[in-house]
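Next come two complexes, and both contain chain A; in the first it sits with chain B, in the second with chain C.
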Partner chain A sequence: MLKIPTRTETIYKFKAKGGKIVAVAPYHYPKALFRAFNILPVEVWGPPKLNTLESKAHIQTYVCSVVHSILAFYLQGNLEVCDFILIPHTCDSLQGLGSIFLDFIKPKQKVLTFYTPRERRRIDISFLSKEIEKLYNQLCEFTGEKPDFEELHRHIDIEEKANKMLKKLLNERQYLDIDDFNFYSILRTKEFLPAEEFIEIANDVYLMYKTDKPISKTPVIVSGLLPEPMEIFTIINEKNGFVAGDDLAITGRRLYPPSEGSNPFVRLAKSIIFSPPEPSRGDSVEARLKNLLEIAKRTNSKGVIFYIVTFCEQEYFYISHLRKGLRENGIKSILIDTDINQELSQQAITRLEVFLETLQ
Partner chain B sequence: MNFLKAARYFLMTNFIGKPYLRYERKRGERKIAHLTGENSPLNPPLKITAYTKEFVSSHYFKGRYVEGVKPVAWVTSGAPIEILKALGFFLIYPENHAALCGARKVQMDLIETAEKSGLSNNVCSYVRTDIGSLLSGKTPAGKLPKPDLLVACSNICQTVLHWYRMLQKYLNIPLVIIDTPFVYNEIEPHQVEYVKKQLKNSLLPVAERIAGKTLKEKDLKNVIKLSKDATELWLEILNLCAERPSPLTVFDQFVYMAPIVEMRGDKETVDYYNAMYKEVKSRVNMGKGAIKRERRRLLWDNLPIWFKMRELALKLAERGINIPISTYTYAWGELAPLMNLKKDEFEVMAKVYLSPILNRGAGQKLKAMRNMVDRFKLDGVILHSDRSCKPYSMGQMDERNKLIEEFKIPAMLLEADQNDENAYSEEQVAIRIESFFEMLGVSHG
Partner chain C sequence: MVKAMGIDVGSTTVKIAVINENKDILFKHIENTKPKIKEQVNTLIENVKAKFNNENIPIVSTGYGRKLVEEAKQQMTEITCHAKGIYHTLNHGGTLVDIGGQDSKVIVIDKYGRVLDFTMNDKCSAGTGRFLEHTAARMEIPVEKIGEIALNAKKELKISSTCTVFAESEIISLLAYGEEVDAILKGLHRGLVTRIVGMINSVAFTPPLMLSGGVAKNNAIRKMLEEETGYEIVMPPHPQIIGAYGAAIFALEG
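Right, the complex of A and B next:
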């Protein structure tokens, strides 16, 4: 088994070399831009199983556990090591979190925000490239650095290689003889590793676990923000299934396509704008369904697990339509509500087990 | 235009709807003086209440016959409607319709229908109400006209994007999204440019195609002027509530605000608010308040609890508490100064529609609350923590703390929901309000 570096190790190693750290909330942002300033983005998706007592003094209980955890994690002093905090505008709750940070908590770190358009028109690319340029100018001001276009392109190219590698691993998942927990633990290093290190690890994984024959287990798809609690993988694997494809914000929804052009801001914008359809981009029911059906077809999956963080309104919105559309195409589905800070309930485990049995 | 339908529209609205609603209004006006008895803590409502009913009902009545006569658009409450109005669109606001269902207490049946269809109770209760109405065909408005166009503007929440995508799926008609980036600090030029381009390049061509005509600058200017006039009047009316005793309660305002949301841009709306201004002003001159004995004055933050308006109004008034203003009702007036008629219309609309309170940071809202506390001479704040409206509710806990600690003003968080009675605990609300009364020094004991 490969040794996977932890977030903490990575952060201190990067800082020791003179780099800076930006803590990033979910989930679209121009990673390469930060790297061009020698800033390493480290994504904060929780962490799971956290006591979020502190966040409850600022946020109501009907806000999702991901947002609670990010704030609690900060309030417990765990982001002290970071030089910046970036809150992308992913949903109403993260919008609110950004505002709470800027207006009330006022951390010692600079808090940056980033707006991703909800459409995929030419004007959206134009706006997003200006939004990225604004971020560039802010970073120039805060760091005193001014990386040129060549440097920006260089980092975009590296990030695109890492994205390509992620895509390769996901696309060839059924030929990789590794359990889901370890597979996703490796994929999730992309949330904090420098792209060049992720590429190396992903390559090693590919070489180490690649087989000629597809895995002879039942393929399923997982959809949602993140696979937390990660017990889901154990249950799937124990029931002779495996995650053959995903529509997860941490991975499949961020398979950014490669970009071209002379302006790095436009390149970054296009890459985000043309990422797969998903809730935070306000995509239509049809686009979401088409995407799920394509993943199912490619992976030969006959089941989709909607693994939804409770209170995440945008994830819940289309569920009934998506399930109906899947059903009409012979694909079964199940909805499991989760809280990243709690164990999976026995009831949810039983439902998952029964669901997996029906797929066999 | 279908001439048979046009003739029916003309006959029904002018010869059936209009006289009937006028008759009802006159009847209502006669009744108003006797609506609250001697023992009621409330003074009789304004005569304009009957006019409001006539005005709003007339809109929905027209809606029953408008299909095939005028192009119809369903829009979000923060949508840039001036372009649509100038092109002759008839507008329906699903949010207002959901609020109407809540106020008439028919929403739970609709919510149940939506939930049975698979819509999660984690989704906004306005959406569940409205989708339930769409699926069941039930509405207190009689019948809603089928739209030719959907317009969703993200300046109030991200929920509307998904909501309108779902409507698009059900109705199979064009949807235009006007994406308004959230303003954490100041509005930036690239944000204005983005919204302006969407108005010009996305909304306008689709709206013109559906309307079958080209937008005339003078029509647009005229609609913007009417919007501005009505908005200014609404603001002036609300500012009269700074008087002691306040001529209105927030519960009155929640009802009277319907036309500023639904019918701004119409001349009749300006006439309506002119009439309201006169009546409110005369109340102020007489020194007559909305409640009989105004001992304390509060600020309301967030949407109303539509299905509990009457009960709350009475409960508060019994203790001599009035709520003369809210961030929500004020939001529909405070943008009036931004409507500069001398500047490029699209630029003006872009700025206006980027600026609603829900598209600004929580700090900005706190600042607005602070100003209202001073201007309206308020003694406390009720922050309705609305489970359905996260963009309005997030930040409230810090806002409450700041109000208490820095501004030294009592503030209470009231957990409820705008439309979903399942998220409302009668007992818990009673306890919270009672302890708040104690803080305000108006408890029974």
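Right, the complex of A and C next:
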């Protein structure tokens, strides 16, 4: 098994070399832009299994556990090491979190916000490129640096290579003889590793685990924000299944296509705008269903597990429509509600196991 | 003679079924689940084996404690085992309602005995045997008798709380108003059945409607389910061991 660096190790190593850290809330943002300022984005998806008592003073209990955890994690002093905090407007709850940080918490770090449009029109590319340029100007002001277009393009190219590597691993998952827990632990290093280090690790994984024969287990797809609790992988593997494809915000929904053009802000905008369909971008049910059916066809999966963080309204909005559409196309599905701070309940484990039994 | 054993470790009771190669039940046993499940099932299995001259009997375990049965060659979920068990008992598919101690399940079974669709109540004890058990205990009535008392009640009170704990508060309040116990019990049964009907409506319901699990012995639940759904309920001869029987068939089939 590969030795993979932890978030903490990566942060201190990067800072030791004179770099800065930006803590990033889920989930679309122009990673290359920050790297051009020698700032490493480290995504904060919780972390899971956290006591979120502190966040309850600021956020309603019906807001999802990811948002609660991010705030509690900050209030417990765990983001002290960060120089900036970026909160994209992924959903209303995260926008609310941005306001709480800016208006009430007022941390010592600069808090940046980032708005991603809900459509994929030409005007949306224009809007997003201006939003990215605004972020660029803010970073120029805060850091005193002003990377030129050449530097920006260089970092975009590196990030695109990392994205390409992620896509390769996901697309060839069936030929990688590694269990899901370890596979996703490696993929998730992309949340905090510099792109160049991720490319190296991903390449090693590919070479180490690539086989000629596809895995002879039952392929399934996982959809949702993130696979937490990660016990899901153990349960799937124990039941002779494996995650052959994903529609997860941490991975499959961020397979950003490569972009071209002379303006780096437009390149970054296009890359986000043309990413796979997903709920935070307001895509249609039809587009999402088509995407899921394509993944199912490519991976020969007959089942989709919707692994949804409780209270994530934008995910729930689609579920019944998607499940109906999948059913009509002969694909079974199941909805498992999760709280990233709790263990999976026995009932949830049983439901997952039954689902896999029905696919075999 | 080829034999196989199924053990269903539920939250309330442990059920065992031993079958022969014709899938006939040779032995069955039900007892309350103890806190030390692993020790309990080990002793039970030893005792059963002793009855069969210590033959090497393949075991499949199911139920909430299925992973604690060390001797089992395989663990299967209770939903798959119930589907298998009821199909081989009644020789047809349909929709099975299993009301257990910890959870309730509605399982749609196709004409080949496969699980087509299913739903389970999640996390909360509302709609489970525990709901009745808890409230029966609050009124100091043995759980075996509450069905008959509810059936004979002339009046039915509405218990609006879904939550077991809130329902208990509501019962205390009704008792304080001087309401009769039988009317409260009838309302409680209706509440549970309404939740089960909600689960039935959420799956691709296919008749006939079948009932298993410990609560199947409660006549009031059976009658109310028939009233609420408009379908006559088909009952297996041993509703409580359907899961263990299904597990035994899996053990037999290897």
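Everything that follows uses one rule, which is that the second predicted complex is superposed on the first by the 360 of 360 C-alpha atoms of A that agree within 3 Å, B and C clash if a C-alpha of one lies under 4 Å from a C-alpha of the other, contacts with A are read in each partner's own complex, and residues count from 1 in each chain.
Keep this in mind: a residue touches a chain if its C-beta (ideal position, glycine included) is under 8 Å from a C-beta of that chain, and two chains touch if they have at least 3 such contacts.
Because the structure is predicted, anything quoted here is derived from the model rather than measured.
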Touching partner for A:Thr310 - first (chain B), second (chain C), both, neither: first
In the superposition, chain B vs chain C on chain A residues touched: B
Chain B versus chain C as contact partner of A:Glu286, first or second or both or neither: first
Which superposed partner A:Gln346 touches (first chain B, second chain C, both, neither): second
Which superposed partner A:Val354 touches (first chain B, second chain C, both, neither): second
Touched partner set for A:Ile215, first chain B, second chain C, both or neither: neither
Touched partner set for A:Ile4, first chain B, second chain C, both or neither: neither
Partner chain A, residues of chain C touching it in the complex: 64, 76-80, 102-103, 114-115, 118, 120-123
In the complex, chain A residues that touch chain B: 57-60, 62-63, 89, 91-93, 95-100, 102-104, 113, 115, 117-119, 121, 123-124, 126-127, 130-131, 134, 279, 282-286, 310-314, 316-321, 323-324
Chain A-facing residues of chain B, complex: 117-120, 122-124, 154, 157-159, 161-163, 165-166, 168-169, 177, 179, 181-182, 184-185, 188, 190-191, 193-194, 197-198, 201-202, 361-364, 366, 385, 387, 390-391, 393-398, 402, 415
Of all residues in chain A, those that touch chain C in their complex: 337, 345-348, 350-351, 353-354, 357-358
